[in-house]
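The following pair of complexes shares a single chain, chain A, combined with chain B in the former and chain C in the latter.
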Partner chain A sequence: MNCRVISYLFVAVTIMFSTTALAAAPIKIGGLFAVTGPAAFLGEPERNTANMVVDEINKAGGVKGHKLELVVYDTAGDATKAVQLTTKLIKDDKVVAIIGPSTTGETMAVIPVAEKLQVPLISCSAGSKITDPVKKWIFKTAQNDSLAVGRIYEYLQKSKQTNVAILSVSDGFGASGREQLKAQAAKYGIKIVSDDTYGPKDTDMTVQLTKIRGSHVQAIICWGTNPGPAVIAKNARQLDIKTPIFMSHGVSSKKFIELAGEAAEGIKIPSGKVVVADQLSNSDHQKKSLMSFVKDYQKHYKTEGDHFGGHAWDAVMLIKNAVEKGADSPQSIRDNLEKTRGFAGIGGTFNYSPQDHAGLGKDAFVLVEVKNKDWVVVK
Partner chain B sequence: MSLSLLSRGEMQFDQLLQYTLSGLSTGAIYALIGIGFSIIYNATGIINFAQGEFVMLGGLFTLTCLDLLKLPIWAAVPCAVVASTVAGLLFERLAIRPLKAPTPINLVIITIGGSILIRGLAMLAWGKDTHSIPSFSGDDPIAIGGATILPQHLWILAITVIIIIINKYYFYYTISGKAMRACAYNRRAAGLVGIDVRRMVLFSFLISSAMGAMAGIIVAPLTMTAYDVGVMLGLKGFCAAIIGGMSSGMATVVGGLLLGILESLGAGLISSGYKDAIAFIILLLILFIRPQGLFGKADSERV
Partner chain C sequence: MKRELIKFICFSLFVMLMPSFFKGGYLMNVLVFVGINTMLAIALNLLLGYAGQISLGHAGFFGLGAYLSGIMTVTYGWNPWQAMPVAAIAVGCLAYLIGFPILKLKGHYLAMATLGIGIIIYIVFNETYDLTGGPSGLSGIPNLELGGIVFDTDVKNYYLIWTFTLAVVLFSINLANSRVGRALRAVHDSEVAARVVGVNARLLKVQVFALSAVLSSLAGSLYAHTMTFISPASFGFNFSVELLTMVVIGGLGSVYGSFLGAALLTLLPEFLRSANDYDIIIYGGLLVIMVMFMPGGLVRGIPDLFKKVFKTKGGADHA
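For the complex of A and B:
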């Protein structure tokens, strides 16, 4: 009797193992997102999106018979932690590719690790120095700050508003934007008349704006992420400043309009197309991807998908496409990633090449304006 | 030439007026938070580093009352103050009172731990997003000379003045206020004449968490609120209290206003990059040169 039970068990176990052996091994992807901490507004939508997309791919049967398996860790926006977790993902979890981290600082810190251990990494952060100069194993999906600055300056040049004031937040995002604003000004014939900053936790910017008002500029460019820009919008309304205000893609979501309320009206920003997905013409290559992302995110998380989540969407899809073309090892995924051409994602249309691991062109950004509590494309 | 000089002078004056008004309204908030610090310091001898978290709780509870319970603003504000005060009392009961060896360093570390805990819980309850709260009475700017302020600024100044008056009345004309002052002078002697010192400690947490919450509520329409706004506001309030020599009276109020005005003048006339540095340089200077506060005599009355 006992013998029989054991033999049944034996058979059962054998069958279990053999079935897993029959199905193709899952492809393990690592995710490093700043889900908590100061950059949580980036990390949270990124993690949500990555989970959502991977689930959907698996539900549809995986990629070429392989299921995808996503291992996500929270870096809390901490570069040291990000480095440790990268090593963990590669050495313990044996992932074949990594998505993230969420911030430029973290990404710069983990680049040496990914390069040394030779695993492709698709960063979700924007800093241009991540892929400039090109590093063999490092790609990114977030649009460069320089593209956003270019969009604003192009518009200003066209409308002959050449004297500008800049007001940037004193953190990594603001510093990088400020650098780009200053670097590109001459190229577009823009003169920066006043250059001010504010702290990420500041609650009143009337002082900076009063100073800017005194300098009689034709446009104010503010570079920061919520809530600072919303405070600035409110303060500008309080001071009755009529000068056109431009902000960065850091506030490109409905959240900004909700926070700034009335004061948001008329503010223009360069933005990924995701906030105006439904206004795009059907001929736009990205429309299909954008609509499916926006709808899915709404369905899963009851809030609107923003372009931060879009960075993770693009990264998962890029890896999926690479696997579809027959890659399953870090080396082959990297090689296939580099061959990506004309992939219409959320951030823009990606064209990677051995010389370009950022992959996006100027068309990644459109200039949008707040009208009647919604983003509208500026014609 | 003279005309352009004149208009330039006028413009400078308008700017200065705006800087001062902006500074006054931020300063009033620092003052309210600062008084909260001093009240607890005087009753217990500790710096309650969780003070900033009550500022945050005030704003977020108001949000809940408005959005979830659909209360009108005049009802939401008292509800939020009560809820934050209850949180303050729980904090005293659960974290401060049970301590076996209440040395100042233990207590300070407990308040820091408490503040991290409260912030974490708030993050779970309200999420990581920033939230906005509608102004009490509209957003139409009011012009004063060449400067403009919002109706909410008037609310801030008015409520601050009212709270300070109530505070003064409480400490000088009520039995429990006098008992609390007695504790501030000498806890041991106060205990010997029959004052329940532990109850006074509980009272001090009650008053300061209510004041902190009120401060958080009246600024929220201007500055918006999130689970982590308490840290910086708490530190600035602490600066105000230090400038005022940890007095729970006018000295801290003046300290707060001074800090607010210096910050905004510094940002306007020197550079906005140094705004926070100005506050902390003042803090260090005061601690080095006049540790008894800007207005205090070496052994001053602290209440």
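For the complex of A and C:
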């Protein structure tokens, strides 16, 4: 009898120890993406990519023997939900780092929470105020709007098209772009002749374009995400506007060319290198990352990976690299993230420092043009 | 009246003891929002449940309270405790002014008009960049502070918000059982009959509309000071509809019903999260079932359900 009790006890104890040993192994990462709602076009590829990358890392044996575990929640693009879910990830799921949220508004809302509870957060949204001023626990992988604006203005300055019209969408993305377009104009000698906005759900922009046509500008810069810019491209074609049109990195995917059809031809945008990955020279640092991302995404989801998914790819890889260097707690991951140098990801080459938590330089963007229904690098 | 008082005390005790079950976990944070939503649902219920006037624009008043508080504290450096009543009074005045022309409308037309107001307010938040920060929102709103205590954790905020919510509950119960409350219900049942017996229906409707807006604005200010960040997306048309759903699911014309509705609609998505992509389908399905089988709302439906279960048991015993 006694013998049996002891053997039971022995089994129980071994099971207990082995489960705790297993439970200690995986490194938990949180993901907050707007998978549904108006920002689903960001959240869905981000979630898909994050799941895909974590799977691949685990298949390859994890990081230093640790498996990664990704806990994903859908914020539906709602700031209140994002705050609640950040709290949940940190307090209940006890994650060591968070990827997301997808939009600038949500990110601004969750920053106080992540800062207070001291967990590193790598945002996938673009707003420059996320990391300016620098916040101890907050990083981001999406390229700043200011870099995209700089790319366009540089080109315009070189080709002496200095009178421009701005047409931006009235949401967070458009507002931030508009701000940057106005702020940087003087630096490049650009004169903004007209400044109009359109609603995110508008289906016809002929009014704004007719007004712009009358103002004799040399270039039209449109700042928005699908489907608005496609409507603008079509309307401009209908109105026979010959002025060169520039758009933002918000439309840098094949989707835009599908939506705008013929009217997309000749439109130029600043874009992450992902849409032109196969055209890059082999000496490009990012080429290897880009090609593997594009191929994997195609294999898993049967569609093209875009640069939104790339933001999540970069975030997972940054955390993976931090863990590889021996970090396993929020504090040590944060410290290692800040030491990231020369990481060639999808969005660009990241160099974080205590003064810079955005980490990207001008080379993150190339200017591309639609030619024969595909994106081509503008030389 | 005594029974009401006992009910209220039980409810208060229940609310105040809640935190000891959760020990500051994540649900604490959700319960803070249950408090805010309860306040909003009660505000809307006074208008819809008691006076019978629909509003699809209450998210707008909620947002106005939040933004006025936010702008006054962030841009002009006011003390939050000063900003809150000023915002509430301003929103009340605005509601009072627009109430006169709007509440002449009835039924679908009133719904359309209030819907319009909500959307106009939403557009103003989005377009006045310099004031509201536009679609990317307003950040850095200070937490409330009282006698050296800064309300910056979920538990502290829970007590802060629920103190206000309980005050609103008590106030609304009193109002509902007063002469005004009876007059409101009279207007609800038949406006003509109410006027015949000497109720100034037109003025009363405007007053309750303004009161409802003031309470919503108060909830908005509290929301702004607990979140410390606001953006227009939280105050759109969707949220107006969600509030309306809370009131209807909870039970029209019942203060505790508003609490049940707000609690259910705030907590349900959290519990359904484990169902991943199917949560929305289950959520919608549950709402449909509740409306079908509990047309009087949870506050009447749940006791009925208990009675039914109890009765069939009793019957079985007899047989």
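The rule we apply is simple: the second predicted complex is superposed on the first by the 357 of 379 C-alpha atoms of A that agree within 3 Å, B and C clash if a C-alpha of one lies under 4 Å from a C-alpha of the other, contacts with A are read in each partner's own complex, and residues count from 1 in each chain.
Operating definition for what follows: a contact is a pair of C-beta atoms (placed from the backbone, for glycine too) under 8 Å apart; a residue touches a chain by one contact, two chains touch by 3 or more.
What you see is a predicted model; the values in this text were computed from it and never measured.
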| item | value |
| --- | --- |
| Three-chain arrangement built on chain A, chain B and chain C clash or fit | fit |
| Which of chain B and chain C A:258 touches, first, second, both or neither | first |
| Which superposed partner A:44 touches (first chain B, second chain C, both, neither) | first |
| Which of chain B and chain C A:183 touches, first, second, both or neither | neither |
| Partner chain(s) touched by A:237 [first = chain B, second = chain C, both, neither] | first |
| Partner chain in contact with A:25 - chain B first, chain C second, else both or neither | neither |
| Touched partner set for A:211, first chain B, second chain C, both or neither | first |
| Which superposed partner A:170 touches (first chain B, second chain C, both, neither) | both |
| Which superposed partner A:202 touches (first chain B, second chain C, both, neither) | first |
| Smallest separation of CA atoms, chain C relative to chain B, angstrom | 6 |
| Shared chain A surface residues [contacts with chain B and with chain C] | 36, 170, 197 |
| Of all residues in chain A, those that touch chain B in their complex | 36, 40-41, 44, 170, 196-199, 201-204, 206-208, 210-211, 214, 226-227, 230-231, 234, 237-240, 255, 258-263 |
| Residue numbers on chain A that touch chain C, as the complex places them | 36, 73, 77-80, 83-84, 87-88, 90-92, 104-105, 108-109, 111-112, 116, 127, 129, 170-172, 174-176, 197 |
| Residue ranges of chain B in contact with chain A within the complex | 11, 15, 18-19, 22-23, 25-26, 123, 128-132, 139, 141, 147-150, 219, 222-224, 226, 228-229, 231-233, 264, 267-268, 271-273, 275-276 |
| Chain A-facing residues of chain C, complex | 24-26, 29-30, 33, 126-127, 129, 134-137, 139, 152, 154, 227-231, 233-234, 270, 273, 280 |
